[in-house]
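A single structure is presented below for examination.
The letters A, B, C, D, E and F name the chains in turn, as written, and every chain counts its residues from 1.
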């Protein structure tokens, strides 16, 4: 996964990012979902929709994409091919990202990977991976939240946070 | 307009109302707007959309219609013909409506109709009609809010509210 | 799939349905997504979220479930175990559902299943199945919408709609 | 606080509840916030707003109130006096509430009250009180989440959940 | 209409655009709708509202305007005169727009204009004009979607897309 | 309060502002509310949330902060410490703010402060202060809107607007 490449392991500022946006008033929910999948597959860092109010009483959605500039042409092609859009807009943004590392937490429900966020050399964020928590919750027939809480606790103890 | 027929002039409870709802994940904004127009034309008391989150990552809209029960079959036909819906749901509601009367307010920008709401015999609501305010604002080239405020003030003085 | 059992093949009114709702101001998006999956797996007819504004400046989500009454206890247990809810509410609703049948449409991109909605004996809705369209679009490297439009056209011609 | 009176200590079904709703397209955000405060002060069990799309291109909010039926007249008066509404609607709902008790958790940041939810005799929910967490977080200059996690953990250990 | 002037006929990048935004927590829905009309009339390329959560528990709307920079002063004046805003913000954006042409499609319901989007010399978008579709649907008493689908099909055949 | 310092008394353009944004899919409503309070306390000019649709069917909120650039590091620290964020983005914006002054309006319900907006030397906005209106409404047991309308009227007369 590109998201956790080497340059992402350290806390850093990335000035080569762009937000691409487009307002869509004649796409179905199925098309919106499919387009999101295509954009992630093509390397978008983040993709999300916001419900908006457009002219002529039309409920609509704004599609927003966070990407590095190098991938912009490919993402634009997907937008133009898959959605109803006749135009899009974009503007440069900077990203400040925490350093990241992963810890395998031994929980009461098995091993769960926890993503650690490093801010100014200190571990401050402990985010158990969803897919691991889900699998463990289903196997042990316990609420997802129990697995999540336990994994976070184990990781925090390890880091003495 | 059916909304201000005789039975609506007095404050009352109406127990013969129904809410009809349907979740739409594959309708365009244009279809949603057109359907709203058709439903109002067919006698719906109110029609509105709410943005919702459906399964499989699909942004969608819930269509809600407030209607008296007698008109339900006609409105259902419009829903089934115009939208992508394969099913809808409904449940009875009661409506408590204020008494209503209209006052022609002489404002600095011409005459504006003001709708008065009567609660337990007392006038408590003063709502200038949008179309009148809009016309006056455009003619006199003043902000809409100025016309609105003035019409409300004139009506309140008349009723000594 | 329970949704297309025999009793759903004909247009009908179902008076044994219920809407269950709960406001959630301290659940993460991951928990909301997981809970939706669990509720569908347990037989809910529909599950959706609505963004709401609660007291103390708290952005929150309302969870809504459409279910037949027989499954209500099982769904309530999932809500209480998985979410942060200390209470939920429910009220009876009726559902009006179109008759349904399926047609295998031969499109330029292969076979696609189309769901047909029958209203008062007449076919009025032609909804290509998303998973079929997606697979065909990816195989032929064409926009999803092209497959969808073609499948709908083929089905409509077959039914002379 | 009425919410935790004796009848709420045990898990129960309450069939004497009502949802009151009103669509507001000409109220300011300040009025909406003020009205919510008034409704809670008058005994509403819950009050929330939903953003909706009304006719004539008007962004609007739906006000929803959950209340027991005995308080409905008082709440309706507040709605009619404070908002722009000329009418409201309501329908009966049933509420299923968990049993509730409170535990004083000794955390690393001082005592924090935790609300326990009892489902079919078993404690399944552990919800630290926001105001206690906030105070402790500010005093110890730690993230709110740390206090919250710790209080929950202490309470769960006490109940061996 | 300025939107389809000569410079818009060809696919192009426009670097002279700006987004203007303002958060509004004390405007009514009527004012929001009126302001949108005024902004479009003054030459805004796009205007839309987003529901947001502001401080002090205030539901609010964000107004967003896409405009070329030359029209910014005029649009700002409308915002300051018509809304409750004491300040607004703006930032430059670039727009990538498809080439556009129009085709008169002979449908089973009469002539309907279809807007064609040209991406890298190829026609890839076929968008029937709403007003034409609406008129035809009302005249022939058929669902809007039927007219829309037919017009799109005719145009696509013409372009052999 | 920094918002009404000397440099804000005159209408002006401020080019040293920044928007900071972060998408949050695993924060509770309580954390979102607490974080907003912390950000305002640390000097943010505006803070608001928008409901968005993220991948994997996750309802989420976007946090947006308007700030001058000098305060950005402090605000980023609060975001990283209080929320679940592993990264944030930002981009420069310019702000156009009206001149501001305050007027003490003698209303039928006591003195109410009214904020006046000055656009190109002319007073065009009259915004009664919420806290004053609220206090007066509660003391005199009248709707908030009555106090608000009266204060605005008195101020407008004073300025002959």
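Throughout what follows, contacts are C-beta pairs under 8 Å (C-beta built on N, C-alpha and C of every residue); 3 or more make two chains touch, one makes a residue touch a chain.
As the structure is a prediction and not an experimental result, all values here were calculated from the model.
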Shared chain contacts [subunit A and subunit D, defined touch]: B, C, E, F
Identity of the chain that, by mean CA position, is farthest from subunit B: A
Same vs different contact residues, subunit D with subunit F, by half of numbers used: same
Farthest-lying chain, centroid of Cα atoms versus that of subunit C: F
Subunit C on subunit E, rotation in degrees - Cα superposition, rounded to nearest 5: 180
Interface with more contacting C-beta pairs, comparing B-F to E-F: E-F
Where subunit A and subunit B are represented by their mean Cα positions, the distance between them in whole Å: 40
Separation of subunit A from subunit E, taking each centre as the mean of its C-alpha atoms, in whole Å: 29
Geometric centre distance via CA averages, subunit C-subunit A, whole Å: 25
Set of subunit D residues in contact with two or more other chains: 26, 30, 36, 49-51, 53-57, 59-61, 81, 84, 91, 130
Touching residues (chain side subunit D, partner subunit F) in the complex: 30-31, 34, 81-82, 130, 133-134, 137, 143-145, 148
List of subunit B residues in touch with subunit F within their complex: 51, 53, 55-57, 59, 149, 152-153
Partner subunit E, residues of subunit D touching it in the complex: 25-30, 32-33, 36, 49, 51, 54, 56-61, 84
Subunit A - residues contacting subunit E, complex: 23, 26, 50-56, 60, 62, 76-77, 80-81, 84-91
Footprint of subunit E on subunit F - complex, ascending: 17, 19, 36, 40, 46-51, 61, 64, 66, 91-98, 100, 115, 117, 119, 124-125, 127, 130
